[in-house]
Structures are given as structure tokens and as C-alpha cells.
Amino acid sequence: MSESLSFASEKSGLPPGSLVHVGEVHDYPHSISLINYNGTHLEKRTIQSIEECLHYQNTDTITWVVINGLKDVSVIDAIGKHFNIHALVLEDILNTHQRPKLEEFNDYLFIVMKAVTLEDSTYSISYEQISLLLLSNFVFTFREKPDALFQPVIDRLNIPTSQLRNVGADYLTYVLIDAIVDEYFTMQDNLDELVETVEDELLVNPSTKTLATIQKIRRELIFLRRTMPPLRELLKALHRSSESPLLEERTRRYFGDVYDHVIRISESVESYRDLIASMLDIYLSSISNKMNETMKVLTVFASIFIPLTFIAGVYGMNFEYMPELKWRWGYPALWCVFVSVSVSLLIYFKRKKWL
Amino acid sequence: MSESLSFASEKSGLPPGSLVHVGEVHDYPHSISLINYNGTHLEKRTIQSIEECLHYQNTDTITWVVINGLKDVSVIDAIGKHFNIHALVLEDILNTHQRPKLEEFNDYLFIVMKAVTLEDSTYSISYEQISLLLLSNFVFTFREKPDALFQPVIDRLNIPTSQLRNVGADYLTYVLIDAIVDEYFTMQDNLDELVETVEDELLVNPSTKTLATIQKIRRELIFLRRTMPPLRELLKALHRSSESPLLEERTRRYFGDVYDHVIRISESVESYRDLIASMLDIYLSSISNKMNETMKVLTVFASIFIPLTFIAGVYGMNFEYMPELKWRWGYPALWCVFVSVSVSLLIYFKRKKWL
Amino acid sequence: MSESLSFASEKSGLPPGSLVHVGEVHDYPHSISLINYNGTHLEKRTIQSIEECLHYQNTDTITWVVINGLKDVSVIDAIGKHFNIHALVLEDILNTHQRPKLEEFNDYLFIVMKAVTLEDSTYSISYEQISLLLLSNFVFTFREKPDALFQPVIDRLNIPTSQLRNVGADYLTYVLIDAIVDEYFTMQDNLDELVETVEDELLVNPSTKTLATIQKIRRELIFLRRTMPPLRELLKALHRSSESPLLEERTRRYFGDVYDHVIRISESVESYRDLIASMLDIYLSSISNKMNETMKVLTVFASIFIPLTFIAGVYGMNFEYMPELKWRWGYPALWCVFVSVSVSLLIYFKRKKWL
Amino acid sequence: MSESLSFASEKSGLPPGSLVHVGEVHDYPHSISLINYNGTHLEKRTIQSIEECLHYQNTDTITWVVINGLKDVSVIDAIGKHFNIHALVLEDILNTHQRPKLEEFNDYLFIVMKAVTLEDSTYSISYEQISLLLLSNFVFTFREKPDALFQPVIDRLNIPTSQLRNVGADYLTYVLIDAIVDEYFTMQDNLDELVETVEDELLVNPSTKTLATIQKIRRELIFLRRTMPPLRELLKALHRSSESPLLEERTRRYFGDVYDHVIRISESVESYRDLIASMLDIYLSSISNKMNETMKVLTVFASIFIPLTFIAGVYGMNFEYMPELKWRWGYPALWCVFVSVSVSLLIYFKRKKWL
Amino acid sequence: MSESLSFASEKSGLPPGSLVHVGEVHDYPHSISLINYNGTHLEKRTIQSIEECLHYQNTDTITWVVINGLKDVSVIDAIGKHFNIHALVLEDILNTHQRPKLEEFNDYLFIVMKAVTLEDSTYSISYEQISLLLLSNFVFTFREKPDALFQPVIDRLNIPTSQLRNVGADYLTYVLIDAIVDEYFTMQDNLDELVETVEDELLVNPSTKTLATIQKIRRELIFLRRTMPPLRELLKALHRSSESPLLEERTRRYFGDVYDHVIRISESVESYRDLIASMLDIYLSSISNKMNETMKVLTVFASIFIPLTFIAGVYGMNFEYMPELKWRWGYPALWCVFVSVSVSLLIYFKRKKWL
């Protein structure tokens, strides 16, 4: 969550277009992987500098370059120079406080997305900014940290007959976006389990810990919710707009499919919000109910014994002339009074349904 | 409700277009029914494979194929192949986590809907995804489980003079959608009764069970509400769009009628939400009121007897020089004090309207 | 209110276009009135069957037919046949669960409205569906029950010089709609009085009865509110659309006037909602305040007498060696202690503003 | 506020266009003032009948007629006849329950506005409906009551070099609307002061009177808020629409300026609403806090003295064999017990931060 | 905040276009700075009157004039005369209650913005209105007070190779707007820290001071939120509109970048609102929880000792015939009763989880 709040005032005062990494710095090793493929051919390797991939520009194969880690600004700079990318785009890649967005340029599309993970132990959602550059036969992917997110895509690239191997770079882009969006479903399933656990807790034995968890989830949803509208917009734009020559008509229907997924996720985030709000109402009601229970116990105890104590007090007085004290059956009679007073009060409270 | 929350992360990592059944698996027997009809002719039978219906493609009769159960993926696959259906559509048929939607293709329309049932005993709404494929003279219906939902439609097909027998496949589609939407009215009537019961309970004797029921209904409404906007959109599209040659002008007015129904349902879902919210307010007020009642009982008891007990305590003291103790009428006089103190306090509380 | 909730699942399974009366059945006598007029001529009579009015079709007078009661389906059927009305329109006339709406056909306009009445005693709003068919020189009005709603219109028709007598059927339609909308103003005035009464009650002496009334009004507003947007839409359409040849340009400005009325009503329904919400806040605050008052009374009583009782208890102990008990002025001195303890506590509570 | 709620059911049943004054009747003397001016000439006088101003129609001077009081319907009627004003417009002038609106006719514009005043003593906002008719060189202003609202405009008309004297009737309209909108700023400043006073009260010493004031302001804002959207719409229309030949291009920019003012007022009404809502939360929190304080006092007193009283009670018992009673140091030892019990409880409560 | 509420009724009654400074008057020294530059040349100096900069109008260098302080109305007047600025624009510069806005004229653009600062000590946001006039090679900046806000811009102007030195006046405008928007990020970071501190306080030890701080932040957010939509609109207009010849195509993409920043700020203001609302819920829950704790302590104490005190009271009675009093083991037996009663009550409360 720290990601969502600590906004970038870090660059205040710098000229626009300055290539400085803004955002949380991760200490992962920096690496560049390259995959070059077409229907018949597949080459995977790790490269040291961007210059190594320049010669693929003139082939008809598709080249996918994954940059893991944003610490080495020179790599971004080199891509900017060799592939003629706008300075503001390079700046946005390095500033990991971007909203998901699509920017269309003549020669390339720039896409910013957020990958999400729900940490089970702390109930906090962590975000990773993933930027994509789609050129006519090149795809650059910029990641904050290396993990297995794109492994299924790589696995599918290994199969020569897969659709992925036989169509263009726009389809690769779709497959990558689909992989990122699938992570939202995983997060949602985890969230779902969590909400169910909390709900059960709420009905069985609500405690301040339950409240803290509800508040925690609510907080995460406030920030998660913020990423949904730009994500919807982004996929709507990819699905609807037919201007860019980089996106083929047939790929566009696939983006429509991811758009549907995003709408479903976004709707369920809204539902969770409503659920959480209703859970808070239940929590408040249950506190009030408990307080009422406490009050009733006190009232029953006090109301029964206070009159009895008074009566006992009366016959503890030291007046010289108190005829009852001399009566042979005074004491047992008083016990009868005690019993009948308490029984009638108990009946009274029973009728009020307090017992 | 589990349906609405357990979103499909199951397919994460699979290539798009993979035909895998995603969603709750129902253990109903799988079956395919076929009805072929025109104004003069009606044939009903159960078929084993899709191939059995292919020869109807070249007739001018209308063929309605109902696939009950989605376990047998090969059937869906066969339909895709023989009727040239897009891979994503086949995928959507098998993934029962879809939102209601309409997708227009050149040769066919693809419609996804949700049928609802309110289980009386658990107050939970169960959803069934029903997909429809409308081709020029074919209608495919894909259902999760077999039940009597479409029985009235079949009954009407038995009547040779019915309008249904004498017009096109688009009218059959309308009749099926109308039958699904009618289920919402049934659910609404049940919900209505339930809400009324809860409301009466709330006024007569609210308990934590009432609160739990309110919360249950609220929860169901949160999820039900989510299905309304796409349903409205779907029927608006069927009613308004005049692009598809598969929908005749005259059928469109009938869709307008169903659209009206959906708007009415959607509006009453909103009203229920408001009602439920107001019921929660009443519940909270009634708890506060009850607590106040409890407090008053305690206060009246304590405030009357505490001063009396003090006075009794005073004359229980063992001082050697306490002149009152020797007085002949001390004890009766004190009883007068007791009575007058309690009477004045009772009057005081009466005036405060606590009694 | 029952009207608003008990939605029509009654027709589920029937073929569309079946003429069945759906909704609450009223036991009013069924009747058909006919008024035929132009600037110089006016004829009023009760007819038995629709066939009696057919010959007016070819005159240049205006004919207004009022059908009171929807039990006799054959009348609706006859109108459909003779005036060539769409089956779905006839169905809508008979189904009194419609939303207000306007449907434009080539030869006629179909208008559905809701007339409202606030029952003073039960604070409930009752709705009556009134359907209008506007043909070139015919107006049909379908009512659920006969009452004096249209009496002022009939009175004005009696005046030969009135504008109503000298212009077309569209102006009659306007006058009828205006009469129905005027009922909303009457209802609003009643509601206004009611709200003011409740508000005064709330400030002077709120009780659970007040809460019940607030909840009752709120409930009615939830349902009333639902009818406002379609009513606005309906009048906007009548005011703006210039397609239908049945509505003259000059009449349209009058519809604009009714549209203004509907907006004012709809805005004040919103204001009432806000008012009711704020009343509930006041109610909850006043309960909390009262509880606090109760608590203070208890605390003041208990806190003053509990220490005194303890002191009295101490000198009620039977220790052999308690020097104070032998003191000549012990008892009076203790009374001084009693008085000073209570006075200082009273001052303390005075300072806390509890007294 | 009575204005805002008591909606006009008064005219129900009358034919549209009937000239009847609807709304609160003010008992101010009725008067008509006329100002005729151009750059070189200025004439001010009171006239008795509208006929006196007819001859200005053919001059190239600008004539501003102010009608104070709406009781004399014949004046409105005369204006309608001589200047050819639509019957519905005349009706709207007389019905002071209008929403702010602009109606464009071929020869004139009809503008309805609401002037506001905040009565300091009762915190209630009073509304006055001011209607304007803008003809090519005539401006009619219809007011409910005479006051100094337009005095600054008259003062500026006295200066021959003022812009007002040298441009058209549309500029006079702008100046009048600007004067009315300026009243909203004055009201806002008063409201501002009031809110600040209440807020201070809330933090220092909230009472039920504070709550009543908050509710009062809230109520006024509910109704004030209702007038804002039509006012915005009205000025947007004056600013944007370029259809009417009565409004010159250069005047339109001035209307844009007033439009800005109205947006600012409307936004601050929204802010007040939010502020009031937050004040209510604070009020509720402070009641709860106070109740907690009360509870703590009670609990501390009761919890300390109840155990002590019990111990004292024990040694007040009359058992024959109670060895402690014979002990020489029994009584002083018990005092030690009393002190140590109370001290430990005090420490306990101190730790709980209750003291 | 005073800025946001004290709206300008100060000018009520003045003719529009009167040059009067409306708003809080700051006592800063008034000064005019001038920077004239192009790629090769840079001149900075302080000027006394606007006339000193007139000769730059005919050069091809860019001139940036900063007017610090709005007290000297004659300067604004002179700019209006020499550069032909509309009277309403001059008025808006002097009235510091403007909303952020863009006004396009033929020869110049007029931009109003609000710079913000969060005062750490009082948690209040202070606003400064900054107006910009963009002419073809002139930029005027009007500020309320002199501070270092634009220092980074001046620093960058000192570098001859900076982009800023080599492009047009529109780019300077962008850089200035970017500098103002960057201040929002700084404010946001401060707000972020503040919210985190309050949140921690809330969980550890909520007090009425915490509530006051929450209310303070909420209040500031209400007013901050009001400035966001016009700011978004302003930058959207600068980014999208392609009408003005004063803005070059390439600069527009830079404005798009600032637009993104403003959207991010505006979204996080919304998130803060949600956070604050959720904090208030937590606060209320925690008060209720605390009250319940208090109640439990009281109930446990009272319920245990009240029965015991009664029993002790019984054996303090002075009846002559009370056999128990003579028993040898009566007193120790009673102690056993005392202990067993309290132990069973303690177990009872333990089971209820009150201990």
C-alpha cells in the first residue's frame, strides 16, 4: 500500500524528461532477456546491452525484450535513442507511480499496467508497474522485479504450433496483458477467502482484531479501486479504437475478451466495498447488542439485590422500639419476603425477555 | 452466491481459446435435445452427437438444440467446427463466470444470460448461466443443469397455431429470453415476501437472527445488483440495434417489452437496497431504544433504594449517643421517611416519563 | 404500496400478447363513457360496447372514451381490433405494473401514467395506472377505478368557448396529463403537512411511534421516487420530440409546462428523502442524548449515596475497640461528614454540568 | 423555507394559462416604476398603467419597467396583450413556485430567477422570485416585494458615462442578473459566519441547541441546493447559446462571468453540505464520548465503594463467634484494608486511563 | 481555509470590470521581475513600471514578467492597456477567489491556478492564486506573495542548452504550470505522513484530539477537493484543444503529462476522503468498544459484591431469634458462602469472556 500513497514529489523541480528512477527501489539483479521467434524459429538469450538486439529490426521475426529492474537508466536511454521513443515515455517507464494508460504514437504504442499480488500474511496488496512498448515487430517489457509472471507465456512460445508463434507482435502484447490481468483473478480468489474468513469470525466471535482486519481490507480496496477505471479505459481503447495500424482487427476481439475480464474484476471490487461496508454495520450492531447484554446482567443483579439489601438494612437498625425484632417468626418471615421479592422480580425480567 | 465470488482464476496461464469448463461443476446427466419445427411440422428427439442435426441446416425449418450440462467439451467443440463459431465464443460458453452480454458476428449472435432462483430456506440466490447462439434458422441453448425452465416454451411449440410456430428463429430467441427474465419476477415475488416477513419481525421483536437475515438479503442483493446493468445493456442492444440481419424489425418491439421488464426488475432491486438500508437503521435505533429501557429500569431501582439503604445504614450505626434510637416513635417515623422518599422519587421519574 | 412490490410473476409462462388482467383486481363496476365534441357541439353518454363509438371515426369531431375498470378484457380486445392497436399495447393496458412510458406508433401514441393519492390515515401512497391512447381524433383513457379525477376536465368541456373545445385531441391529452400531474402536487402538499407534523413531534417528544412514521414515509418515498424518472422521460419526450404528426407544435409548449411541474415534483421528492434522512439522524442523536441523561441521573444518585452508605456501614461494625463510637459528638460529627461529602460531590457534578 | 415546500396545488383544476397569483401573497403596496434611458438621456418615473409606456416602443432608447408586487393581475395581462407575450409566460410570472429558467421566444427572452436572503435571527433563507422579460429595447422586471436590491443598478444608470448607459438592453439584463447573484455571495458570507459559530460551539460545548441549529442549516441547504442546478443551467444557456438575436456576442462573455460566480456558489453549497454532515458525525462522537465519561465516573465510584461496603457489612454481622471483633487492633487493621483496597483500585483505574 | 470560505461579497454592487483587489490582502512588498531570453541571450532585472518591458514586444526573444503582489492595481491596469487585455480578465487577476480556469482569446490565453501548501503545525492548506497570461512571446505571471516556487524554473533558464531556453513561450507556460502542480505532490506527501500518524494514534490510543485532527483533515479535504475538477478541466483543455495558435502541437503532449499528474492527485484526494471516512468509523467503533469495557468492569464489580453485601446485611440484622448467629461455625461457614458465590460468578463472567 505504501506504493499507492507515497506519491512522487521526488522529482519536483527537475526538468521534464529527466531520466531518473522515481518510486520504491528494488534490489533485484538487473537483467535483459531476449526472445526472437517466428513460426519456425525460436531463440532465447540474455543480453548485456540493447545494441545486441538492433539487428533484429530488419528481420521479419518478432522480438520480445524483457527488461527486469529499472535501476540501469542507460538501458532505457539506449532504447529511446535506437527506437526513437519520446522522452516523456522513457520518463514514464522509470516513474513507477503511473496510472495504467495507453499512449498511441505513430510508430509504437506505449502501455502501462499494474500487476497485483495479495500478500496472505499481511492482507496487503503489492503493485508492480509493468510497461510495454509495442513496435511493428518488437515488444519491450519493463518490469520492476523478476518473477514467474510471464513463465506461462514463455512456455507457450516453446510450442511451434501455438497460435502465439504464428501471428504478430500485437498478439504477443495481448497474451502478456492477459497474463497480467489473470493475476487480478488470483488476487480476487485470495481476497474472497479472506473476506469469507472475516465474515465467519464476525458472526461467531467479533473482536477488535476483526475490526482491524476489516479496516485493513477496506484500505486496500480504496487503493485497488483507484487502479480499476484507468485499466478499464486502457482495455476499452485497445478493444475499440481502430486507428493504430499496429493492432490487427482480429487481435482486437481478443482485447475485448480481456476487457470483459477487467469489467468483471472491477465490478467485484465494487461488490467487496459494499460487503465490507455491510460488515462494518454488522460489527457496530453486534457491539451495541453486546453492550445491551452487559447492561441487562447488571440491571438484573442490581435490581434484585438492592431492595433486599435495603430490607436487611432496616432490620439491622438499632432502634429501641422495633417490635418486629422481638417476634418469634420475624426472621423466617423476612426470608419469605426476600424470596418472594426476588421471585417476582425474576418473573418481571423474564417477561421483558431479559433472561 | 459462491458462484458470484469464486471468480475464475482456474484458467490462469492457459492459452486463450482453450476449451476447458470453468466454474462450478454440476453432476447432472449430460444430454442434447433437438426440436425441429415450422408451421406445419414438429419433431422432438434426443440426440447423441451434434452431427445428427447437421442436415437441418439446409431445410427452411427452425431447429432448436438444447445442450444440458457443459461437462462434455467435445459437443461444444463440434458445434464450433460445424457452425464456424469463434474460439472465444466457445470458451465463453464453457466459462460460467460470464456477465450477461451480446456479441454480434456476421453469421450469428451470441447471447449470455443468467437465470436466477431464490432458495427459500437459505435465502440465497442461485445463478445458472444460459448461453444462446442464434443462427439464421438454428438456435443453440447451453445450460448448466436440466430443469423445467423452458417447459412452457416447449408446450407452446406443441400448438401449431401459436405465433411461435409461424415466425423465425429470432422470435424463438425472444421467447427463451422472456422465459429467463420471467424467473426474475418469480424471484422478486419471493424476495418480496421475505422482506415483508423480516420487516414485521423487526417491528414486533427484532433479534440478532433478524439482523443475520437482513445481512443475508443485503449480501444477495449486492451480487444480484451486479447482474442488472449488463442485462439491461444486453436487452437495450437487442431492442435498439438494427444492424444485425438476424433480428427482424417486428421481433425488436418484443425485445423492447422484455427490456421494460428488465428495467422494472432492476429498479426494484435498487428499491430493495434502499429498503434494506432503512431496515438496518431501524434495527440500530431499536437496539438503542432497548438499551435506554434497560438503563431506565436500573436507574429507577437504584435511585430509589440507594438513599433508603443509606438511611437504614445510619440507624444501624453503633454510636453510644444517638438520641433518635431512644425515641419511642423513631422507627415508625423512619418508615414515613422511607415511604415519602420513594414516593417523591417515583413522582420525579413519572414526570420524566420513565415509568 | 402493495402495488409497487407485488410484481407480476402472475403471467410467467403465458405467451406474450395474451390479454389477461395482471395486477390487483378492483371490484368497481365496469363502465364506458363517451364524450364527443367540437367547438359547437358536445355529446356525453355511457355506452355498452366499443362498437357504438366506431361511427365517430369518420367525423371531424373529437371523441374521448373513458374505460373505467379493466375487468372486461373483451372491451380492450375490441378496441385493439377496430382501431388496429398492437397486441403488446393491449397487454400493457391490462397489466397495471407498468412504468410510465410513451410509445409512438404510426397511427397512435400510447401513454402510461400513474395517478397517486396519499391516504392520510395510513400515510400510504396508492397508485392507479391510467393508460391513454391518442389517435388522430380519438382519445381512449383506461382507468383502474372510477373517481372524480377527470371531473374538472369534463367541467371545462361544458364551456363552449374554452380553448379545450376548439383545438385538437392532442390538447385534450395534455389536459388529462396535466390533471394527473396536479394530483402529485396535492399529494405533495399532504406529504408536506405530514413531514412538518413529524418534525415537530421529533423535537418535542420523539417516540418509537415517530420512528415508525418516519420509516413509513421513507418507504413510500423509495417507491414514489421510482416512478419519477420514467415520468420525467415521458414528458420530456412529449415536449421535445417533433416526429409524431399527432402532436402539434403549439401543444408541445404546454407539455413543456407539465414537464416543468414534473421536474419540480421530482426534485421535491429528492428533498424529502434528504429531509427524512436528516430526521433519522436527529432521532438517533436524541436517543443517545436521552440515554446520557438517564446515565447521569443514575451516576449522581449512586455516586453520592454509595460513599455515605459505606461510612454508615463502618460505624455499624461491631468491633469491641472502636473509639469513635464512645465519643460524645461522634454521631453529630458524622452527619457533618455526610453533608460535606454530598455537598462536595454535588458541586463536582454541578461543575461537570450534569445538574 | 415555507416557500420551498408549499407547492402549488392551489391551481389544480384550473385551465392552463389562467392568470391567478399562485404562492405566498405579500401585502406590499403595488407599484410600477419606469426608467427610460440612452447615453444622453435619463427619465425616471412611476406609472399607473402599462399603457403609459407603450409609446417608448418606437424610440431607440432603452426602457426598464419594474413591477413591484404581483397582486394586480391586470398589469400582467396588459403587458401580455401589448407586447404579445405567451399566456404560459404570464402564468409563470404570477406563479412564484417556478424553478429558475430561461425560455427563448422569437421576440423576447423570459428569465425566472430566485433572489435569496438569509434571515440572521432564524437562520432561514427566504426566496423571492424575480422574473425578467427581455425585448429588443425593453426590459420588464417582476418582483414579489419592493426593496433596495436594484438600487446599485439605478445608481449606475445615473452616471451618463457608465458602460450601462451606452449599450443595449441585454447588458441591463446582465447587470440585473449579476445583482441578484451577488445576493447569493452575501448570503454565503452570512452562512459562513453562522457555520463557524456553530463549529466553535460544537468543539467547546455541544448542546441539543447546537444540534437543532445544525439541523436547521441542513434543512435550508437541502432547499438551497435545489435551486442551484437550474440556475447553473440558466446562466450556461445565456453564456453559450448564440441563437437569440437579443443577446450580443460581447454581452455573452459577461454572462460567462456570472456563470463562474454561480458555479462557485453552487460548489460552496456542496461544501457546506459536506461540512454539516461532518459536524453531525462530530456531534454523535461527542455524545458517545460524554456518555463514556459518565460511565467511567459511575464505575470508579461504584467499584471502589462497593467492595468496601461489603467488608464493613461483614463486620456489622452479629455472629456470636467472630474472633476478629475482639482483636485489639481489628478496627485500625480494617482501615488499612479499606485504604489499600481503594488505593489499588485507583491505581488500576489510573492505568486504564480512566482518571 | 479562510480563503475557501470567505467568498467575495466585497464587490457586490460595483460595476463589472472595476479593478479592485478582492480577497485577503497580503503585506508583502510589491515587485516586478522581468526575464528576457532566447537560446543565446538571458537578461534578468527588476523593473518599476510595465512601460519598461514594452520594447520587447517587437523582438523575437521571450519575455517573462512576474508581478509579485496584487496591491498595485495600476500595474494590472497598464498591462491591460498596453497588451489589450479584456477588462474581465484584469478583474479576475485581482479577485483571488477564482476557480482554476482557462480562457481563450484571440491574442492571448488566460490561465488561473491555485498553488497549495500544507502548514505542518496547523494541518491547514493555504492557497495562493497564480494567474498566467500567455501572449505570443510574452508570459505574465501574477502572484499573491513572493516565494521560491519558481526558483527551479529560473535555475533552468540559466542553462543555455536547456530545452526551455530554445523553445517558445508556451513551453515556459508548461514549465510554470508543472512547477505549481508539483507543489500538490509535496502537499500530498505531507498529508500522507499526517494521515499515517493519525491512523497509528487511532489504533494505539484514540482521544478527542485524534477526532479533532481527523475533522481538521476532513475539512481541508472538502475544500481541496473543490479545486480539483476545474484543475483537471483546465489541463484537459490545454492538452486536447488544438484551436489556439499559441500552443504548439509538441507542447501539448507535455501538458498531457501534467494532466496525468493532476488526475493522480485528484484520485488520491478521493482516496484520502474514503480513508478519513473509514477512520471515523473506526473511531466510533472504538468509543463503543471502550464504553462496553467500562460497562463490563462495573457489571463484574457490582454483580459480585451486591449479593455478598446483601448476605452480610442479613446477618447484621438484630432479630432476637436468628439461630445461625449462635452457631459455632456460622461465621466461617458464611465466608465459605462468600467465596463460593464470588467464584461461581467469576466463572460465569469468564465464560461470557468478560474477564
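Letters A, B, C, D and E name the chains as they come in the text, with residue numbers starting at 1 for each one.
To be clear about the criterion, a residue touches a chain if its C-beta (ideal position, glycine included) is under 8 Å from a C-beta of that chain, and two chains touch if they have at least 3 such contacts.
Computed from a predicted structure; not experimentally measured.
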Third chains touching both chain D and chain B: C
Smallest count of steps, each to a touching chain, taking chain C to chain E: 2
Equivalent interface positions on chain D and chain E, same or different at half: different
Chain centre separation (chain B, chain C; CA means) in Å: 26
Centroid spacing, where centroids are CA-atom means, of chain A and chain C in whole angstrom: 43
Sites on chain C at which at least two other chains make contact: 284, 288, 291, 295, 298, 302, 306, 309, 313, 316-318, 322
Arrangement of touching chains [line / ring / star / complete / other]: ring
Starting from chain B, with chain C taken as the next chain, the full ring order: B, C, D, E, A
Of chain D, residues touching chain E in the complex: 152, 156, 162-164, 174-175, 178-179, 182-183, 185-186, 188-189, 192, 195-196, 203, 253-254, 257, 260, 263-265, 267-268, 270-271, 274-275, 278, 281-282, 284-286, 288-289, 291-292, 295-296, 298-299, 302-303, 306-307, 309-310, 313-314, 316-322, 354
Complex contacts: residues of chain E adjacent to chain D: 4-9, 11-17, 86, 88, 97-99, 101, 208, 211-212, 215, 218-219, 222-223, 226, 280, 283-284, 287-288, 290-291, 294-295, 297-298, 301-302, 305-306, 308-309, 312-313, 315-318, 322, 324-331, 334, 338
